[in-house]
Amino acid sequence: MMLVWLILIPLLGGLLAWPAARLRAAAARWVSLIAMALDLLVLLLVWLRHAGPIEITGGGRWIAMFDAPWIPQLGISLRLGLDGLSLLLILLTIGLGFVSVVISWTEIGERVGAFHFNLLWTIAGTIGVFLALDLFLFFFAWEIMLVPMYFLIALWGHENRIYAAIKFFLFTQGSGLLMLLAILALVFVHQRTTGTLTFDYFRLLGTRMSPSTEMWIMLGFFIAFIVKLPAVPFHTWLPDAHTEAPTAGSVILAGIMLKTGAYGLLRFVVPLFPLAAIRFAPIAMLLGVIGIIYGALLAFGQNDLKRLVAYSSVSHLGFVLLGVFAWNALALQGAVMQMLAHGVSTGALFIMVGALQERLHTRDMRLMGGLWANMPKLSAIGMFFAIASLGLPGLGNFIGEFLILIGTFRVYPAFAVVGTLGVIAAAAYALILVQRAFHGPPRDAVAAPDLRARHLAVMAALTVAIVYLGVYPQPVFDMASGGLANLQTATHGVLKLAEGDPR
Amino acid sequence: MNATFYLSAAIAVLSTVLVITRANGVHALLYLVVSLLAVALVFFTLGAPFAAALEVIVYAGAIMVLFVFVVMMMNLGDAAAVREARWMEPKIWVGPSILAILLTAQLAYMLDSNTMSQPHHAIVPARAVGIAMYGPYLLCVELASMLLLAALVGAYRLAHTEHGRL
Amino acid sequence: MIHDLWLVPAFPLLGAAILMISAGRLPSRAVALVGVVPVAVSAIVSAIIGIGFMAAPPSGHAFTEILWRWIAIGGFRPAVGLYLDPLSLVMMLVVTIVGFLILLYSTEFMAGDEGYSRFFAYMNLFVSAMLVLLLASNLLFLYVGWEGVGLCSYLLIGFWYQDAANGLAARKAFIVTRIGDTGLMIGLFVLFTHLGTLDIQPLLHRAASVWPHGSAIASLATALLLIGALGKSAQIPLQTWLPDAMAGPTPVSALIHAATMVTAGVYLIARMHGLYMLAPAIQMTVAAIGAATLFVAAFAALNQHDIKRILAYSTVSQIGYMFLALGVGAWTAAIFHFMAHAFFKALLFLAAGAITMRLEHHEHDIFRMGGLAKKLPVAFWSFLIGSASLAALPLVTAGFYSKEMILSETWAHGGAVPILWAAGLVTAFVTALYIFRAVFIVFFGEAKTPIVGRYGIRIVLPLAVLSVLAVIGGFVETPNGLGGVTIFSRFMGSVFGPAPLAAGATETALLVFASLVSLSGVGLAWLLYMRPAPRFAAWTQTPSVVAWRAFFLSGWGFDVVYDRLVVRPFLYVVRINRHDAIDDVYTGIAEASRGLHRLLKLTQTGRIRWYAGWLAAGSILTIAVAVIR
Amino acid sequence: MTTIPLDHVLILPVLLFALGVIGVLVRRNLVFILMSIEIMLNAAGLMFIIAGARWGQPDGQVMFLLVLTLAAAEVSVGLALIIRIRHRLTTLDSDAADLLQG
């Protein structure tokens, strides 16, 4: 039941925040903050007070599990499960949820209640995605997550917001449709072979089907998730959406929502279709590598600070795609680490851009330069996260990238080598960001106040997080290994059959 | 009886041709009335006297009168007739005529291919029609009444003038 | 005490953290204190550890300390651990002591700079990262230090950020070295994939037992590590960043771009020398690259105007000597030369800084100096001592002994075609020529730029200490003909094995020959630049000589080639694809549907007859289908 | 009763209907269009009558009655619209009433 509360608290918080804003704008903010705090509390309670893992036949060990009938006629149930992987991602979600509420404190001044409603519902949807173990419920949560996000961009975004919001919506909705079709196909194939109609994840694991069917259904899921990830060539919604979204929207979008794509690949694509995934792995990894290089090249060419960060996300998540399809312990742990570190570092960069936009009313780097002289704190923090983003050892992103690459190297050395070259391109775009925004001769026009305490506190927390991930990541690995073991047990037997696989 | 049918059929077709070619509205209407009366006669020859009567009363009588009123109210004078004539330039007839010929040809083809048995023509009296109407077709009658009511309200609302504001 | 090894990198890190968190709010005296004291403490701790190590060596002459488990995933278990053996001990001592001296110097040199606190924060971070690099017991942890020093180098080259040119130089340094780092990283992948560990000592043992001598995989791994070393140590073909890196403050050049960081590549190869011995072809490549670099860079140095660029090319050239030594298996000689070089090159840079800080407008062009010997005696004497050591003047300089060791071992290794040795020898001559060219032009002749200010003790003391070290640093290891002291090579013996025995008579002959070469270089410099003959001046102006001088001045045109081959294509690709060609596909889809919409809109004429006509036509068509079927 | 071949009888509504179609498509005056529609409806009614006569059943006539009511309703609403359009556009030209143009 606690798992249900994890989703319900933000939902209820959102419902409460909307009318609360009629009293005072601050009330909505406090309600959201309290909802996030409660959610965190619930999560910690679930985690710390669980009595031993729950064993699922063929599905591994879970920290907590919830199951209740929903639409029994169609084999749909409210099945939620928490393992190490989902726990980490939910932790990231709640953490960045906190951050988004705090940084919107001054940025959002109109329709405050509705804003927090949408924010909390998006977060609730995301948590639902990370918990759902019923494919129908998963799809449901997936949609819940998208619609409020659309409104966040369309209502509180910047100059070109409607275009961006519609683009975001079309891409994600199109991919959602594809996923729905794939889910239905899988369910019906399962029904034809076993005679039971069910959307339950565990019962769908190991569904027997012909290789070509498996490939087609896998592709449906795969494309749905890599649109969200996003991987080249489905990434073009991301720069527009990021550029136009309000800061909190960007943080949620980059920090959390992109991870749902990666989570989907991890949780569904490979375990449900192991053979097809193995056969498809070279192409998927090729897309990942192309994404790494292509995103980095584009990031280098941007003038808009937010677009630069957005394209850097494409590059970073290319690593995740690479890691997922390498499918060994190192690469998977690396992918998880990369997700967390990217969430923190890119979130921080978006906050930095948001703070700049609030002060300078522009994101165009051609109008910046020499900000260090006026805003040393903001600049130092911005530079720190830019450097984190280029993968400096000792910070979280490096651990993720390194593990992914070393794991990939075992399986497909060529991809690992090309991916490593992406690290050079990362240096190019991260440093050009620093140069064009913070260094160079200062301009008189850009005199503006430095970061204030609220932002500094957020940034300090994120800094601590990214350093922790880089210096002492083992607890994260220990936590994730439970979840990853779940995924790997699902595929273990099948993968053994795949000949000559060096995993 | 056969002669009556052929004669009235010829009149119906001819007067209809005249309806669609007249430039003057009132003339066209009068030809239409002739056409309708001829069709009523055809009904009679086909053994449907009740329908023939209704055709005369409702169509030729009530509906056409409505038309006449409106046309007169519009006051379509000579100028309108001239314009109508101008609109009916020869080339405008080409497309519709082709369509109509195609339609006719298709129907003729169908009639030709389906060998119909010799008709069993009998007079269907008004009584039988009434029994059928208030028996199996009661719901249709009700619907028709609803339709008429709706048309009444609609026509009233549409044509209603509120002191110059229409 | 040896168990407190972790304190050595921890103190500077702490200093850096304090300075960063204080965000420039500390008064400058406190900054200076926080900036220097941690490194001083580190130096003292290192010295105590060093003495303890020498007095009572731990078993196996090595000490490993695991601080904490960093990552443990399956068989991949790199730890955050420190490893101390004579090699890392020597490097650690040099880094902390030279680092301390340079920081002390900086407290005065950088006084009044608006980024005073930032400077010391970065410098402390650098020292810490460098120590991590040296002490890491694990290649992944080493990589942390490796990239850490690269970052600090970037930050400090671009320290005066308001000048965009400095930013460009900083980025160039970072990206070029990162190209090398990528090679190193791939090298780590290869090593881990094939040997199953990244802990250096187990890795070396396993490699020796698993890989046969000269095996392809060993060559691959060492070649990849070599790429990393080339980037960091500014060797051909990745040397171009170092001369530009002189955009940073002079103490930075002294510490990072002369004494410590740039020798990280030397350290890496020395540390992994067990692997290189398995790959003779690659080891030969190291020697060849070293020889080529030292030769190329020396000629480039001969034609520079900027005093710091002369020293920068000199550094490239001297590291070339170290690579040459590594390539011929003279591990000890390489490290010995590293130590000597750290002393005399830091001294040269600090002396150069001491000159420029006293000149108006911080003049860097040697042709606008002149006659400074009288006016700046402190700078003159220290620069002279450094130059002598660099030029390897016989008997009294550290550079003489270390270079001598390299040349004699190269000769011993050289075999039939001693081309490597010849390159080393010719370069020794050019080295003496170019550095004394600078000495004579800067300190003699007539004064051209007025001088201002005066020196404090914090400038003089480091110069004095380094001057002493640049002289006596060589006495720990002397050739047989000159006393045959072997303290250094015996100390290093536990790492590199026993030093090879050089043939007595040949060695002495080589010694004399090399000494004469150095001296003749100085002599030629004296002839050309102290008593310039008119014919020489005329010769330098002939067109072909001017062209060659421009070619050497540009560092043999590497920058131009890279600009054409790499930078411009990259920028071109970025520029033409700035708006993301893939997005055009989606925009195209949107445009296509919009066009279709426009087309379909044409049918919506709003005319009843038009609609009716199509209705009729459609019906007729439908009926036709029904009829014909 | 009569001995007219059914084929001949059926030709009449077909011709009338086709003429109605021509009328609708050719005329621009709304009143004439409405008249042509009446012709078409009448032709349809005639078809029902013929079918009813063929089988000797009353259903055909019932249907004709329904068509009749439909025609009445259609004419009343149609004429009301024509009056309205005439007021609004001061013309009966159907091509002028193209406000639905895309």
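For reference, chains read A, B, C and D in written order, and residue numbers begin at 1 within each chain.
What we mean here is this: a residue touches a chain if its C-beta (ideal position, glycine included) is under 8 Å from a C-beta of that chain, and two chains touch if they have at least 3 such contacts.
What you are looking at is a predicted structure, and each value in this text was computed from that prediction instead of being measured.
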item: B-C against B-D, pair bridged by the larger set of C-beta contacts; value: B-D
item: Distance from the mean Cα position of chain B to that of chain A, given in whole angstrom; value: 70
item: Whole-Å gap separating chain A and chain D, where each centre is the average of the chain's CA atoms; value: 65
item: Gap in Å, rounded to a whole number, between the CA centres of chain C and chain B; value: 101
item: Whole-Å gap separating chain B and chain D, where each centre is the average of the chain's CA atoms; value: 5
item: For chain C, residues contacting two or more additional chains; value: 613, 616
item: Shared-contact residues (touching 2 or more other chains) in chain D; value: 21, 24-25, 27-28
item: Contacting chain pairs - touch in the sense defined above; value: A-C, B-C, B-D, C-D
item: Residue ranges of chain C in contact with chain A within the complex; value: 20, 23-24, 68-74, 76, 80, 140, 143-144, 146-148, 151, 154, 158, 161-164, 167-168, 170-171, 174-175, 178-179, 181-182, 185-186, 188-190, 192-193, 570, 573-575, 577-578, 580, 582-583, 585-586
item: Chain B partner contacts - residues on chain C that touch it in the complex; value: 613, 616-617, 620, 623-624, 627
item: Parts of chain A lying in touch with chain C, wherever the complex brings them together; value: 167, 232-233, 235-236, 239, 297-298, 300-302, 329-330, 333, 370, 372-373, 376-377, 380, 387, 392-394, 398-399, 402-403, 405-406, 409-410, 413, 416-417, 420-421, 423-424, 427-428, 431-432, 435, 438-442, 471-474, 477, 481
item: Contacting residues of chain D [partner chain C, same complex]; value: 21, 24-25, 27-28, 33, 94-95, 97-102
item: Chain D residues within the chain B interface of the complex; value: 1-12, 14-29, 31-32, 34-36, 38-39, 42, 45-46, 49-50, 52-62, 64-66, 68-77, 79-84, 86-88, 92
